[in-house]
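Which chain is which? They are A, B, C and D, in the order written, and residues in each are numbered from 1.
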Amino acid sequence: MSYAQRMIESNPSGPAVADTAALVECIEACFDCAQACFACADACLGEGDIQTLARCIRLNLDCANVCESTGKILTRQTAFDLEMAQVTLDGCAQACRLCGDECEEHAGHMEHCRVCAEACRRCERACDGLPTLRDSG
Amino acid sequence: MSYAQRMIESNPSGPAVADTAALVECIEACFDCAQACFACADACLGEGDIQTLARCIRLNLDCANVCESTGKILTRQTAFDLEMAQVTLDGCAQACRLCGDECEEHAGHMEHCRVCAEACRRCERACDGLPTLRDSG
Amino acid sequence: MSYAQRMIESNPSGPAVADTAALVECIEACFDCAQACFACADACLGEGDIQTLARCIRLNLDCANVCESTGKILTRQTAFDLEMAQVTLDGCAQACRLCGDECEEHAGHMEHCRVCAEACRRCERACDGLPTLRDSG
Amino acid sequence: MSYAQRMIESNPSGPAVADTAALVECIEACFDCAQACFACADACLGEGDIQTLARCIRLNLDCANVCESTGKILTRQTAFDLEMAQVTLDGCAQACRLCGDECEEHAGHMEHCRVCAEACRRCERACDGLPTLRDSG
């Protein structure tokens, strides 16, 4: 039960993006992906064969950091800066792609990587699909 | 659509707390409250009379930082440390109480404060209600 | 070259704590400890025998999260809330103690744990020694 | 007294970038800039004329979030991913440029904005100057 929708609707400055539904989905996708990535890093740490999972743990943590940062930036509607938003969205989509690719490699035998890849794909799509700077000209 | 439940179920080390449903609710309440608090700080910044909202903005940001930290700590099931968890939960419940009290003062005329107070109360309850160290003796 | 000292001196609301030097030291100790803990978690991940380091990695990440949250809360001078500050400082001192104790166990054969333990001890001392609520009565 | 240098030297996987001094400077510039930006947002909140500072507060918080995320990603030496690093560095340099430009507008009459602009410029330079992907071909 996220509060993102209600918080944007009651924000005197918002919504900063015309498509509120897409904005809410992107905010939720970012925070949900961050949580899934932090959880996947921890689950990998508990697996037997860690050496082969070092890259997965690393990308999980990187992606989680980028997603939480992006989620916070999109949460703010006041004095929204289109350039800052677009740079952040582009970086987040790429981070999700890299982490999602890695998790997908392990998705067949580790359910946590399968779920995390799903979270990364959803967040990548949401960031790629949010119309901000490219549509403002 | 949070992934917390599925991530815990697929974590080879977890769940660290016997009552998985309470753990999932607490993780989700922490991250949802952090998002609501970041959003409320921004919404307050867009209001006309900021001077009277400085304390609200400040507690929003403090509470958001504590909640995101607590959400991450609870997300990790591997080598779960009961003392670390309990200290964190206690601090988070108090942060949510302080921020919820402040937001409630403005809830009558600002919907974002009303929603944020709701998020804080839910998170305070979830942190207070999660049985960890106190029940492990 | 931290900016904490100059930022507090130029903050129209601050300093929130009478002993500015102690406040600056605490802010710097929190952020430096967070960085050291994130670094130690990563260094442990690169070591050969990870299974024995799972607890260290976990406490590193927990402590890093608590320290970065505390550093941000202490950074804010406007509408400083003594109760919020004290709860946060107490929790941070305990997190640093737990992580410092664990790192110290490995300090003899892993330099990164030795440095991290040093960072944790410094931060624990700074948080314990910062006079806020207890001295305000 | 940052621990970044000693943590990288004792990391079994690192340094991920040949120029260790540039890497350490970049990590420190990121975390120092994040702290300065969080502090500047708070200092602005305490100023009399907030309406004109809404954009500054907003960009401060955005830049702080991007910088702390970048600082964490660069802190990790294990399974360093050049593409992730480069995307992150590019985004961080742009965030610092946007925030630095805004702070510079107020630098003449607000010392906290002058110091924060200095932190942003240093971090922008460090991110732009760190040789990773572009030099690896």
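By definition in this document, contacts are C-beta pairs under 8 Å (C-beta built on N, C-alpha and C of every residue); 3 or more make two chains touch, one makes a residue touch a chain.
Nothing here was measured: the structure is a model prediction, and the numbers come from that model.
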* From chain B, the most remote chain by mean C-alpha position -> D
* Between A-D and A-C, which chain pair is linked by more C-beta pairs in contact? -> A-D
* For chain A paired with chain D, centre-to-centre distance based on mean C-alpha positions, whole Å -> 21
* **Distance from chain C to chain A - Cα centre to Cα centre, in angstrom** => 27
* Contacts with 2+ other chains: residues of chain A -> 42, 45-46, 54, 57-58, 68, 72, 76, 78
* To do: Note which residues of chain C are touching chain B in the complex, please.
  => 54-55, 57-59, 61-62, 65-66, 68-69, 72-73, 76, 78-81, 83-84, 87-88, 90-91, 94-95, 98
* Contacting residues of chain C [partner chain A, same complex] -> 42, 45-46, 50-51, 54, 57-58
* Can you check the complex and tell me which residues of chain A touch chain B? => 1-4, 6-14, 27-28, 31-32, 35-36, 38-40, 42-43, 45-47, 68, 71-72, 75-78, 110-112, 114-116, 118-119
